[in-house]
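Chain nomenclature is as follows: A, B, C and D, assigned in order of appearance, with residue numbering initiated at 1 for each chain independently.
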Amino acid sequence: MIRIQGPGEEGPSLSARGWRATLHEVIFEADTPAGKAFDVLLILSILLSVAAVMLDSVATVRLAWGRWLYGVEWFFTLLFTVEYLLRLSCVGKPLRYARSFFGLVDLLAILPTFLSLLLPGTQYLLTIRVLRILRIFRILKLAQYLGEARVLMEALGASRRKITVFLLAILTLVVISGSLMYVVEGSGGGFTSIPMSIYWAIVTLTTVGYGDISPKTGLGQMLASLIMIMGYGIIAVPTGIVTVEMTQAFGRRKISTQACPMCSADGHDSDAVHCKFCGAAL
Amino acid sequence: MIRIQGPGEEGPSLSARGWRATLHEVIFEADTPAGKAFDVLLILSILLSVAAVMLDSVATVRLAWGRWLYGVEWFFTLLFTVEYLLRLSCVGKPLRYARSFFGLVDLLAILPTFLSLLLPGTQYLLTIRVLRILRIFRILKLAQYLGEARVLMEALGASRRKITVFLLAILTLVVISGSLMYVVEGSGGGFTSIPMSIYWAIVTLTTVGYGDISPKTGLGQMLASLIMIMGYGIIAVPTGIVTVEMTQAFGRRKISTQACPMCSADGHDSDAVHCKFCGAAL
Amino acid sequence: MIRIQGPGEEGPSLSARGWRATLHEVIFEADTPAGKAFDVLLILSILLSVAAVMLDSVATVRLAWGRWLYGVEWFFTLLFTVEYLLRLSCVGKPLRYARSFFGLVDLLAILPTFLSLLLPGTQYLLTIRVLRILRIFRILKLAQYLGEARVLMEALGASRRKITVFLLAILTLVVISGSLMYVVEGSGGGFTSIPMSIYWAIVTLTTVGYGDISPKTGLGQMLASLIMIMGYGIIAVPTGIVTVEMTQAFGRRKISTQACPMCSADGHDSDAVHCKFCGAAL
Amino acid sequence: MIRIQGPGEEGPSLSARGWRATLHEVIFEADTPAGKAFDVLLILSILLSVAAVMLDSVATVRLAWGRWLYGVEWFFTLLFTVEYLLRLSCVGKPLRYARSFFGLVDLLAILPTFLSLLLPGTQYLLTIRVLRILRIFRILKLAQYLGEARVLMEALGASRRKITVFLLAILTLVVISGSLMYVVEGSGGGFTSIPMSIYWAIVTLTTVGYGDISPKTGLGQMLASLIMIMGYGIIAVPTGIVTVEMTQAFGRRKISTQACPMCSADGHDSDAVHCKFCGAAL
């Protein structure tokens, strides 16, 4: 999905090309010592800046250190802005990078600070910077982890349609049972409107159960019991879907499709060199 | 399950037949531009009318816009009534349509408004109209989604008996543990009666846990802990059932649709070369 | 497990044997019209008596109908006592029946009323009578349901050891995390003692979450977050265990172990008559 | 993992070696009557001491029996200290024992009492002693239970990487949705800071749902509904992972323990006739 462009193949001049290629290697790759150091520094900056945003939201901390944290916020925002511009300048196809997943995340990681000049409070959205840390997988060349993540995504992707059908069924169920509860309970127990009752139905069906709204009448409690038991059983459906898809996604890699040229038996392991039944070379 | 009748095969006269067939094509099918436009308009109407019902239930909105929303409600109800009558008139076997799933939903989608003249409040049941949106699958020819839905239903259908046994076991468990808690806790912590305690047991066993009723005595808390751990483990049972059925439901696709040319038995494995019943070559 | 004895093979006299055999057929079997009628009446009595016990526990109902319900309770208790004695008298080996699962349930279904003369309140335990309704399976000859129940029990039985290990791990986890929370939270947020904290840990780990006790300090909330995420993940373990056992329990029935006598291929369906590969008779 | 060292192979003198070997057999093994008696006594001591610690934390009990329980605590701590020193003295490689899992647990089971002289309250951490009871498996030679536990651990171990990826995704999700809720809800409904909102997001996503913090605004409730439905669906992921791994862990038993006589590779299927790597007959 996310491809990082190599440097432009026909740069304007050799020296310029060399300068951009070097920068590209430091910023985008992690093979050279400089590249690795850059990446480690980047991750530290991200973690520090997210911690600063979180601390800034705690009232007592803001009272005591508010000015400092405000400075830290702007420092990291400017730093990441410079980094973003450098990335744009040294990549071969800037537009393609800007529209890639990480390009968008890099942009979203600096926008909230500028936005907070107009809309105070939006700076707390800076925590979206944690998404940048996902880059850690690529940086540390954690190929195996990436592989696992890909299999998980594949399994979820393959069950996309089934999950859509499931979600539509849940939504329908929640709208109807919410309305029923509104009619049955009246506005006594917190069921003040149909949207509120639908919210309650979601809280109940997913077995979260805050308890801020709960049925008070006998009929309402019977209906709620029914919804709870349904929610308890319905959870089996996504679990079943994902398990089946995962079984197939993982199974797909293990057994070779190769048949023995001698006895034409199949079902060999993908690392097999000889047929396990007749001993012929595969 | 849900079959839409074609027009009567021997209509009374050609012109009448043509009129009914055209209407049928517009209302029931989505192949022609007119049919597609009708379906899109219908879905928009459904969404708008459900939104109106929901808004009407919010006290502040009703105060300000109550009269308007009342008008909107009657407008859509009359619209859907006309549509229902047209459906009845142009379908080949009206009774069969009226008793089909969508026929019943179409009727239930207009009844509450008329009922609310006698029983105020029932108009909120109009949200059952969302069920009509399930028709979207058929309309948009989302054959693949329908297929997925069918496999899900099949898997749930196949585990029908196991789920009945499971639900009976849960009910028995809930009645007995509810009574025990009533005896142990007394009416101090909200366990005011056995039905109330059974309600609590359901809330606890399904791990919803509102907290409106919770045990206060040491013995009651020990018993509750036991019920929680059981509920935590018991959830594995429906999940296991559904997963196994789904594995089989999806695996079943590997069964060839080919019937034996000799004995016409079907259900052969896709790798079968000979009929497993009579031995004839497939 | 539960075997109903036939009448004694060498009864004292033919007439006595006939009397006992007839009674046995009416009470224990459901083949004859009389036996069926008896069973239907029995189930109705059980449902009525359980309903009476439940109603009796509701304060407002007891105030108005207390004396009536007291009478109903004693009526059904005496009825079931007579039935129990009749069962004892007509069965071949009374002791074996008395110690069987249903024999014990039949006894427990009458004891609480007599006990309530000494210990008021115990009559509410009469709801254990619902267990008698499980007999409905045998009575209505619901063989298929019994079969499903047996497979479920088998699957759970086979995972007995794994579930024991799992429960021991959960208990250890809950004791240690409860103690940790007691030390961290102090008695401020309701963590008044280690047993109370263990109760909280169970409520949290099973994702029930009443909210009657919840951490207030930052450290306590971090620890609680950890326990929640563990509980969220740990639920996968019993689910995995049961799913695997069920797959095996259900799979065990479908595929024949028979190999083809001609090509010695195996994996044939249990209903296969011919080899699916070479067409030879199995 | 946990290996108990045999006595030193070349002890300083025969009599000393004999003394240490005898002690080793009593303390570490459970074959001899003395060894079995020691182990049973040990487990009883552990259970009693944990019960004493728990009782000590209950305010009313401490008031009445505080002095006694304090004595009991020191008695068991000294007892376990002597036992720990004896274990160190009679084992062949004391350092290796001290760094093994059970060696560390044995040490942690006595430290808190001594620590409580400096930091009152830490004695409640003594409940970590329950971990010592896990030794019961080895003591009672519950080989089958150990086997089951090993398969469970293997299945969890094999899914280590997938679970890490899953947890990282959960953490990212929880940080971002917590910040969003903080911005949307303001500090009205208890969302007083971003860390608090992240705590709420964990409580909600894991479907625990205490209800101590819950959204009050319409937008907040919509966002919360989304998080709940995601949490409800996401639980399918660890379940799917563990189920697949368990299916493989249990299925792996079908792998023969036979090594190839030619190339000594192992891991062959139990139905293999020839080595899959070199083709030699097995």
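We take it that a contact is a pair of C-beta atoms (placed from the backbone, for glycine too) under 8 Å apart; a residue touches a chain by one contact, two chains touch by 3 or more.
Small disclaimer: the values here were computed from a predicted structure and weren't measured.
Could you classify the chain A-chain D contact as same or different, where same means more than half of all interface residue numbers appear on both copies?
Comparing the two copies, chain A and chain D contact each other through largely different residue numbers, since under half are shared.
What chain is the most remote from chain A, judged by the mean position of CA atoms in each chain?
C
Indicate the whole-number Å distance between the mean C-alpha point of chain C and the mean C-alpha point of chain D.
Those two chain centres are 31 Å apart.
Rounded to a whole Å, what is the gap between the Cα centroids of chain A and chain C?
About 42 Å separates the centre of chain A from that of chain C.
Which whole number of Å gives the spacing of the CA centres of chain A and chain D?
Between these chains, centre-to-centre, one finds 30 Å.
Could you pull out the residues of chain A that touch at least 2 other chains?
Expected reply: 195, 207-211, 235, 239, 241, 243, 247.
Using the touch definition from the top, list the residues of chain D that touch chain B in their complex.
Against chain B, the touching part of chain D is residues 207-211, 239, 243.
Which part of chain D faces chain A closely enough to touch in the complex?
Residues 161-162, 164-166, 168, 171-172, 175-176, 178-180, 182-183, 187, 192-195, 204, 207-211, 214, 218, 221-222, 224-225, 228-229, 231-233, 235-237, 239-241, 243-244, 247-248, 268-269, 271-281 of chain D touch chain A in their complex.
Using the touch definition up top, name the residues of chain B that touch chain A in the complex.
It is residues 50, 53-54, 57-59, 121-122, 124-128, 130-131, 133-134, 144-145, 148-149, 151-152, 155-156, 163, 167, 170, 195-196, 199, 202-203, 205-212, 235, 238-239, 241-243, 245-247, 250 of chain B that touch chain A.
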